[in-house]
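The next part holds the structures, each set out as structure tokens.
Below, chain A partners chain B and then partners chain C, in two separate complexes.
Presenting the complex of A and B:
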């Protein structure tokens, strides 16, 4: 019974993974990847890890993939167009590596034996939480710092170029701007001048939408 | 017949390889990013399989931490993707061959 479930979900996982690589539309990639995550969550349940399975669905298939799909929609990504194969010289290397993979899988199937079975409650939320908050408290706290750094980093990266607020207005025409106003990395008192050739260029440097000024 | 530990390891190896292939052959940054997530998940499957067969909770704890790192990676990675798209109007990795934005 468990073997049948394994074959079913393993087949689903491999099929969806192949679709992730084969599809050219990023949105289809994302949907196939969600399929992989769901089938892996089912495999975790057959491995007696219900907590990890739930977290897999909530965090991976839920949060992370929503973020990815959101970015795909936001950037309005086109289809990846076909181009000539630029990796022709890598084909022999790929064949050799595939042979290595097949040998490895065959070796595992033949040689890895199961440890003796034992009854325990390792997959339950309680046992994971007990370990996480006692013996492995330090990695847990470090993870929280990592997440904080990720939040700050993502906000810094995704911020628009200039340091002006969103309701700033642009003066039309050619102009000279202090470097500290244009470049977020420059020192605040850096007054070297940056020359712009048009209103559009000034708008781009300042991160202001030029249509705002036309409306006024 | 019960599923053997080796089955899970084989499945994990296959998924990881598919992920590596995707990272190599894809040109779209977002697609490459998703293939990296696939590789992380293949490794997670190994952790859970070992944790289950050796009756050790540490494997599952580690999966939990890997997921947190993946979430952080998703946030920062997508921020970088948006920054690249804003500067280059393209998600092709061949276009973004200079590290400077």
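Presenting the complex of A and C:
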């Protein structure tokens, strides 16, 4: 029974993973990746780790991939163009890494023979919680601080466009802007001018959404 | 052999639960139309059968017989996949809810639990499956190749991400009180003292936040921006017709139902009916039946609140929706966790 389920979900995972690589349409890639995450979650359930399975679905399938799909929809990315010449050196690297991975799996299959303990409650919520808040408290806290830093960093990056005052206006047509307004690395008193074609481009260079300033 | 019987029994249980749920959902639609009619001073559908009780079947027949139109410029595969994802995600949460206590079948010694799957992480399972449901709407909006659909899909994705946080955090208080994620155990803990142990008494703030976030999660009035008909025609399902539209419709109502079941299970004592264990023996058939009916009654009260709100409130503006979710609801949920944690620390 378990073996059947394993074959089913492992097959689904591999099939979806192949689709992630093979599909050209970015949205299909994303859907296939969601499929991989969900089949992995099913595998975790068969391995008596329901907590990890639920978290896998909530965090990866339910949150991160929603953001990815959201961005793909928002930008309306069309089919990816074939770029034959770039990144060619990655092909041999991929072959070598795949060989290492296969060798590792083969080694595991040959050398590890002792069966895992039949009954275990390591995967249950209570034991995970107890371990997280006692034995692994420090790594847990460090991870959360890391995530907090990432959030603050993202906020800082997203707010860079807020350098303009709230009553700034965009003027349509060709315009010239001081370099210090366009390039954050330029000295503040660098008044060399930069020319842009349209207000949209100027807005893009300044990192503001043109609709934001036009609205009021 | 035993596992085979087990599997067959599970399939029977799932089928029964699905049929009951779909029937309740069908009649929720009818109740919504009648109650809305009543609120707006008209009759609503009352012609098919006595007082309109056959209306849901007439609707279903109409959906089946209509022409199924797939727009020429749509992405066919995703277009057909989206309603399936929406409905499947809505139905899949059904298996972890405890509909009632264990009951003994009359004249035998067989006891059956009125819950399909006993799951250590039942609550997380519900949250996870609910969060997958957003793909149905988002992909429908994208694949229709229609700007109104796309706007609806984007709005819905943004809205569901925002309110999922408040929803999850509002449940944390209950989890901290219960010390488990197993829905059956959470209900069991609320069974003593004839209703005094119901979590609503200890988690009023959490319940209010949950109720608001849940209405937003199900895209219902006053948070129905993904399908705001005055601005987006019908939002993400503008291009859908016939059974594909019916599936989205179904998913929305099943989601209302599951969200109401979660509210009942976590805050209003689940299947516990106050004072009946004074008269009836726990575990007897009648006890189980009354408990299950009590559960259904509480869920129906929530469904009525949904309909009532739809007849009463105007729609939010999108920026209001976002700032309400992030600046009011989320801090309130965090405050609830803080208060609960403090109280637990000092009381125990």
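Just so it is clear, the second predicted complex is superposed on the first by the 133 of 216 C-alpha atoms of A that agree within 3 Å, B and C clash if a C-alpha of one lies under 4 Å from a C-alpha of the other, contacts with A are read in each partner's own complex, and residues count from 1 in each chain.
FYI, a residue touches a chain if its C-beta (ideal position, glycine included) is under 8 Å from a C-beta of that chain, and two chains touch if they have at least 3 such contacts.
Treat the numbers as computed from the prediction; the structure is a model and nothing was measured.
Using the contact criterion defined above for the overlaid structures, shared-chain residue A:34 touches chain C, although it does not reach chain B.
Touch counts on chain A: comparing chain C and chain B, the chain ahead is B. Once the two complexes are laid over each other on the shared chain, residue contacts for A:13 go to chain B alone; chain C is not touched.
By the touch criterion stated above, A:54 is placed in contact with chain C alone, chain B being left untouched.
Look at A:125: by the touch rule set out above, it reaches chain C but stays clear of chain B. By the touch criterion defined above, A:68 lies against chain B but remains apart from chain C after alignment on the C-alpha atoms of chain A. Under the contact criterion defined above, the residues of chain A that touch both chain B in one complex and chain C in the other are 51, 55, 63, 67, 74.
Touching chain A in their complex are the following residues of chain C: 3, 75, 78, 81, 119-121, 124-125, 127-132, 134-135, 138-139, 141-142, 150, 153-154, 157-158, 160-161, 164, 180-181. By the touch rule above, chain A contacts chain C in their complex via residues 1, 27-28, 31, 34, 38, 41, 50-51, 53-55, 57-58, 61-63, 66-67, 69-70, 73-74, 124-126. Only residues 2-3, 6, 10, 13-14, 17-18, 20-21, 26, 29-30, 33, 36-37, 40, 43-44, 46-49, 51-52, 55-56, 59-60, 63-64, 67-68, 71-72, 74-75, 77, 80, 83, 87, 90, 98, 101, 104-105, 108-115, 118, 120, 122-123, 127-128, 131-132, 136, 139-140, 143, 146-147, 149-151, 153-158, 160 of chain A touch chain B when the two sit together in their complex.
In the complex of the two chains, the chain B residues touching chain A come out as 1-11, 13-15, 17-19, 21-22, 24-28, 30-31, 33-35, 37-38, 41, 44-45, 48-49, 51-58, 60-61, 63-65, 67-76, 78-83, 85-86, 91.
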